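Take a look at the structures listed below.
Note that chain A is present in both complexes that follow, paired respectively with chain B and with chain C.
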Partner chain A sequence: MYVGKNVPRVDARDKVLGRTKYTDDLCDKSAYIARVLHSTIAHGRVVSVDTSEAEKIPGVVKIFTCFDVKEKHYFPTAGHPWSTDPDHQDVADRLVLTEEVRFYGDDIGAVVAEDEIAAAKALRAIRVEYEEYPFVLDVQEAMRDGAPRIHKNYPHNILKHTGTRRGNYEEAIKEPGLTKVEGWYDTPTVQHCHIENFICYAEMEGGRITVTASTQIPHIIRRIVGQALGIEWGRVRVVKPYIGGGFGNKQDALYEPLCAWLCMQLGGHLVKLDVPREDTFVSNRVRHAIRSHIISWVRPDGTYAARKLEAFSDQGAYASHGHSIAAKGAGAFSQLYPCDNIEVDAYTVFTNKPVAGAMRGYGIPQAMWAVEAHTEDVAARMGMDPVEFRRRNLMPVGYVDAFSRNELYDDTFNQCLDKAMEAIDYKRKYKEYQNQTGDIRRGIGVAVFWYNTAVWPISLETSSCRMVLNQDGSLQVQLGETEIGQGADTAYTQMTADVLGVPLENVHVVSCQDTDVTPFGTGAYASRQTYTAGFSIRQTALLLKERILKYAGGLTRMPVYNLDIVEGVIVRTTDGRRLMTLGELSTEALYSLKDSRHLTAESTSQIKSNAYSFGCTIAEVEVDIPMCKVKLLDIVNAHDAGTLINPALAEAQVHGGMSMGIGYGMSERLIFDEKTGRPLNNNLLDYKLSTFMDHPRLKAVFVENAEPTSAFGTKALGEPPACSVAPAIRNAVYQATGVAVNEAPVNPHNLFRRFQEEGLL
Partner chain B sequence: MSRQYKLVSCTINGKQVEKMVDVRASLTDMLRDDYRLTSVKRGCEVGECGACNVIIDGECFNSCIYLAVWAQGKEILTLEGLAGPDGGISDIQQAFIDEAAVQCGFCTPGFIMSAAAILEAKREFTDDEIRKRMSGNLCRCTGYENIFRAVKKTMLQRLGKEKEGIL
Partner chain C sequence: MYDIKALYEAESVEHAVALLVEHPEAQIIAGGSDILVKMREGKCAGKELVSIYGLDEMRGVSFEADGAIRIGSLTSFSHITGDPIIQEHIRVLGEAVDMVGGPQIRNIGTIGGNTCNGVTSADSASTLFAWDAVVEITGPEGVRRIPIQDFYIRAGVVDLKPGELQTAILIPKKAYEGYQGHYMKYAMRNAMDIATTGCSVNVKLSEDKKVMEDVRIAYGVAGPVPMRASGTEAAVKGRTVSGENVKTFAGAVLEDIRPRDSFRASKEFRQHIAVVLAERALRESIRLAGGEVDE
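Then we have the complex of A and B:
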């Protein structure tokens, strides 16, 4: 059996040899180079574009402006499954190039040249005349009367508002003896920072267009390119090679539609569009900055009588994933600490800022920042131990969500907390760090999270798989689920080998998705793939096994029910005799003179279930108060992701999420010039991505409660590690200094302001 | 400046080579485009991320901010040059596999080249020194933890101290 073992990644050897081919490595050198002309105002209209000087630059092939887009096919960009119900379709508010400018960095033109230098020179030589409008950068200001209107059909710039009411909040707060705790919590705009920038290239063949792209979602991109060009979706072929990270940014149509459009304008010539790092920060997607306002009414025994949340999610200039992010976070609020009387209002609001889309955690890191900072504040106000207070109020065992039917089957929260506390020696440190004085102080903090696996019942989850037996008994496996660095292909290899009963090295998962040949699947998002692909892998492998054994029965004249496949050998189960190898069988099957067969199986699983994934972070910090600096001394994440398919890769996945959480909690944020809306730190030097030196050793521990709804006992692990890190760091700083920092990140800028306000400086 | 070419002769992965190179090209451009050494990755093109790191005369450089013409007479080692002619891989590459230090793999070549330069020093570095020397490479997948383990393990192995353990 391979599931549960630390099998090396199937792609590791090629990757350490530098042989793995990514999009740019595959593109032919004959490609024209496309670069996007971005707006240099935050809000307005393009009046004219003077390309005359740029066109004179040797090597420039053609320059396109927003006025060249004659057929206006508006398209949505979110990497969601398409809804056949028009009421549930994503908002189609993008054009490949736009005259209406809605943020600093909007796409108003494109240069196509023979090389990068000519393209870059031409961009600089283009003169654009704008009619400028007032702009708005703050989410609550954008909702005010008289604020600049960013899209005409959205009054007060509200893309969507959802409200949840449970019990009666107004009545409940009248209960005598309640303590009111209230706070505002802010998370910043941050970016995914995968090391491979988004890149794609397009070419035409036989009246069809092929787009090779660094994407998480090839089948979705096919649909969106079709929509954006106004052509049949079947005329679009999308190829997804290995990609250099995605983290949600590439769960969106980025420049595939524009690149395809440029290619078509140039008669189908090969065009490559490689996004510079500086543009990646601004003109791809970012994480929604969310401002949350929480009021809790707490009984003297430390239970909640009533709670209220208002969340304001900064969508930026276009709808992309839209309200899904804020809605997911708002759902977490009412489920994590269930309470009988709840009011939740979530608003997703347009601003003149970069477009927010999916990013690892999809609203949960923002929600956990607010909820877990607030939980700490409540425990402190009530004079209760922060861990005991959480244990008292957390989602109890047996909790079932009315909408998703998700259930908490095991005492996971307590198990995760216990394991993390032990790993970091929490109790001793917590006691030691109480009531410190002096300039240098230490603290330790806790935060928990839950995370949904996959998206049922918001949409039906579907996974398709194809298995093809080769002449030698090895097989190819194809899935719509994409490898984006997380190790998906390795997990699928392990699963297939186990169900079919073949050696691991005989299973070849085809890593590249090609919409012409790969079974339909929606791709990498929602931490869904190990869960969803597990169903179709098990089902398809069982189907193939049945066909193999039926054929073996014919060859060996044995009844099928007395046959099995064990380590690639057809075995008679009654006496354990090895009858023939799978290789011998498949050679016979393909070259037989009597009964030739191409042994394959293909099937689709509809997944009408979903699972909660749980965990917590404990962080230990040292705070230098005069320097306003925090040093992270130690950190541990504990997770229950069900049965681990590959513990070593699971641990690695947790490390990466923790790292992203550390950046979110301590250093990362995109900042904008208030006067112009221009981004100020859109490069890796000024943005402050965590480096090797900013981390202590990262610890990951697991609780493995097998998920009963799952084909392999597994559930979400891709996004969860990033969800509770930042608030744990914030809470550690709170224990160290008594200062609550409610605006992430806990960097020197925010600490200086807060330490001054609290009289520490 | 218009197109001008210059002959650049150098040693790449042990082989003496020469080609006419656009004087505006970076070493990354030359290695990727002229020699098809695609382990050299473009992540930022301004010396921030380290994905393009190669070893020049024994020292690790960001090849994206090193002009191709400066390579004249130099000895250049890319990741492709670390494996033996029979495809056998080096200890540091094997350690990256064994310690699960590879995820998307895009930053991996640059990290291995930085690590190779550290290991060539043939001395024991403290944990903090390893971190500092590796800090010119950015990774968003691994949190650096398993890369640290791979580098430290290989360093100790080469010094005959593997029994000391990483943790």
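Then we have the complex of A and C:
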């Protein structure tokens, strides 16, 4: 059995040797180079574009402006499965190039040149005349009467509002003896900062267009490119090679539509669009900044009588993934600490800022920042131990969500808390760090998180798999679920080998998705690849196995029910005799003059379930008060992701998520000039992504309660590790200093302000 | 791909001077860790470059006849950190340049480039200011030497005339003998970062370690160019080693420095940090010099 073992990544060797081919490696050198002309105002209209000087630059092929987009095919960009119900379709508010400018960095033109230098020169030589409108950067300002209107059909700039009511909040708060705890919590705009910037190239052949892109979602991109170009979707082919990370940014149509459009304008010539890092921060996608207002009414025994959340999610200039993010966070609020009387209002609001889309955690890191900071505040106010307070109020075993039918089968939260506390020696440290004085103080903090795998029943969940047997008994496996660095291909290899009964090295997962040949699947998001693909892998492998054994029965004259495949050998189960190898069988099957067969299987699983994936973080810090600095001393994440397919890869996944959480909690934020809306730190020097030197040794521990709905007992682990890190750090700083920092990140700027306000400086 | 009009490779210092005279618009490139970044941003796009990177005569640390430490302008940061002369006599400079960027940048970046850039945040600059460094410049008229304070004219502009290049940085013997110092870089993360404020302090104690015979302090990012805080130095020079005098020293800093608001940090924050750094760097310098601060 391979599931549960630390087999090496199937792609490790090539990646370490530098042999793995990424999009840029595959693009032919004859490609024209495209660069996007971005607006230098935050809100307004392009009046004219003077390209005359730029056109004179040698090597410039053609310059396109927003006025060249004659056929206006508005398209949605979110990497969601398409809905055949118009009411559930994503908002189609983008054009490949736009005259209406809605944020500083909007796409108003494109240069196509023979090389990068000519393209860069031409961009600098273009002069744009604008009509400027007032702009708004703050999410609540944008909702006010008289705020600049960013999209004409959305009054008060509200893309969507959802309200949830449970019980009766107004009546419940009248209960005598309640303590009211109220807080405002802010998370910043951050960016994914995957190593490989977004890149794609497009070329035409035979009236069809092929787009090769660094994307998480090739089949979705095919649909969106078709929509954006106004052509049949079957005329679009999307190829996804290995990618250098995505984290959700590439769960969106970025510049695939524009690149395809430019290619078509140029008669199908190969065009490459490679986004510079600076543009990646501004003109791709960012994480929604969410401001949360929470009021809790707490009984003297530390239980909740009533709770209220208002969340304001900053969508930026276009709808992209829209309200899905705030809605997911709102759901987490209602479920994590269930309470009979709840009011939740979530607003997703347009501002003149970069477009927010999917990013690892999809609203949960924001929600957990607010909820777990608030939980700490409530425990402190009630004079209760923060862990005991959580244990008392967390979702109980047996809880079933009425909408998703998700069920908490095991005592996951307590098990994870226990394991994490033990790993970091929490109890001793918590006691030792109470009531410190002096300039340098230590603290330890806890935060839990809620997450659920996949998107059912909000959206379609489907996975298709194809297995093709080779002469030697090895096989190719194809899936629409994509390898984006998380190790999916390795997990699929382990799963296939186990179900089919073949050695690991005989399973060749085809890593590259090509929508012309890869079975349909919607791609990498929602931490669903292993869970979702598991269903179609098991189903398809069983189907193939049945065909193989049937053929074996014919060859060996044995009844099929007495045969099995064990490590690539057809075995008679009654006495364990090895009858023939799978290679011998397959060769015979292909070349048989009596009964030639190509043994393959292909099947689709529609998945109508979904699974909770919970856990926690504990962080230990040292705060240097005069220096306004936090040093992270130790940190542990505990997860119940069900059965681990590959524990070593699971650990690596948790480390990556923790690293992202450390940046989110301590240093990262994209900032904008209040006077112009211009992003100020859209580069890796001024955007403070954390480095190795900012990390202690990262610890990951697991509780493995097999998920009963899952084909392999597994469930989400891609996004969960990033969800509770930031609030755990915040809560550790709170224990150390008594100062609550409610605006992430807990960086020196925010600490300086808070320490001054609290009289520590 | 970089937008370089032409690249001329110098074979000697004289040849470099000749090339610079011949191509007055050309920019000097050493390690390239600044110029290539600027070029990519479009700021120096399309320029001619004179490369001096192959000039080994400008590389390395040695003693002059008068005991001054000579650091060739092409000496890389990682070389300086590991150099035995630096480690023995001005260890703090090795520590300061070890805080530049990351390992790759420290292998390619040079101390000459760091100073010729003229930026206030250069990690080498505040320590060089605090140790009375002298800059050696070679040009068509020959060699001249000027104090580093005079080398910096304003933000991004240094005293290099047409045809000139910086060939060495010198630390005079009287500037290092008997001194111990400490550099503190305040940045938002522990690597790959630019200084929010940098502070370099050094001290020369009396034989009995009770008196601060000399104290020098310099800052980066406390003004448009690196600067000495002379008033601060005067406030404690010749005074006894004591907690009170350390406080006096740190408190005096705000009279000398002129930080500004930027998106990177507020003026108020930089001022606060400058004071904390001054105190901590002086305490550490005293400790390194064998003194003890009584509270």
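The criterion applied here is as follows: the second predicted complex is superposed on the first by the 761 of 761 C-alpha atoms of A that agree within 3 Å, B and C clash if a C-alpha of one lies under 4 Å from a C-alpha of the other, contacts with A are read in each partner's own complex, and residues count from 1 in each chain.
Methods note: contacts are C-beta pairs under 8 Å (C-beta built on N, C-alpha and C of every residue); 3 or more make two chains touch, one makes a residue touch a chain.
This one's a predicted model, so the numbers in the text were calculated from it and none came from an experiment.
> Going by the contact rule stated at the top, is it chain B or chain C that touches a larger number of residues on chain A?
B
> Using the touch definition from the top, say if A:His192 reaches chain B (first), chain C (second), both or neither.
So A:His192 only meets chain B here.
> For A:Met627, using the defined touch cut-off, is the partner it touches chain B, chain C, both, or neither? Pick first, second, both or neither.
Second partner only, chain C.
> Once chain A of both complexes is superposed, is A:Tyr734 in touch with chain B (first), chain C (second), both, or neither?
Touch status of A:Tyr734: no partner.
> So, A:Gly656: does it touch chain B (first), chain C (second), both, or neither?
So A:Gly656 only meets chain B here.
> Is A:Ala120 contacted by the first partner chain B, the second partner chain C, both or neither?
Touch status of A:Ala120: second partner only.
> Applying the document's definition of touch, where does A:Pro58 land relative to chain B and chain C: first, second, both, or neither?
first
> Could you say whether A:Gly485 touches chain B, chain C, both of them, or neither, answering first, second, both or neither?
first
> For A:Tyr255, decide between first (touching chain B), second (touching chain C), both and neither.
Neither: A:Tyr255 stays clear of chain B and chain C.
> Does chain B (first) or chain C (second) touch A:Leu685, or do both, or does neither?
It touches chain B and chain C both.
> Once the two structures are superposed, pull the chain A residues common to the chain B and chain C interfaces.
117, 684-685, 691-693
> Considering the complex alone, what residue numbers of chain B touch chain A?
Interface residues on chain B, with respect to chain A: 2, 24, 33, 37-39, 41-46, 48-49, 51, 78-80, 83, 89, 93-94, 96-98, 100-109, 112, 131-132, 134-135, 137-148, 167.
> Residue numbers of chain C touching chain A in their complex, please.
Residues in contact with chain A: 1-3, 42, 45-46, 102, 186, 188-194, 196, 263-266, 268-269, 272-273, 276.
> Per the contact definition, I'd like the list of chain A residues that touch chain C in the complex.
Spelled out, the residues of chain A in touch with chain C are 115-117, 120-121, 124, 626-628, 667, 671, 673, 680-681, 684-686, 688, 690-694, 747-749, 752, 761.
> What part of chain A is in contact with chain B in the complex they form?
Going through chain A, the ones touching chain B are 6, 8-9, 11-22, 24-25, 29, 58, 117, 192-197, 242-245, 247, 274, 276-277, 484-487, 648-649, 651-653, 655-660, 662, 683-685, 689, 691-693, 695, 697-698.
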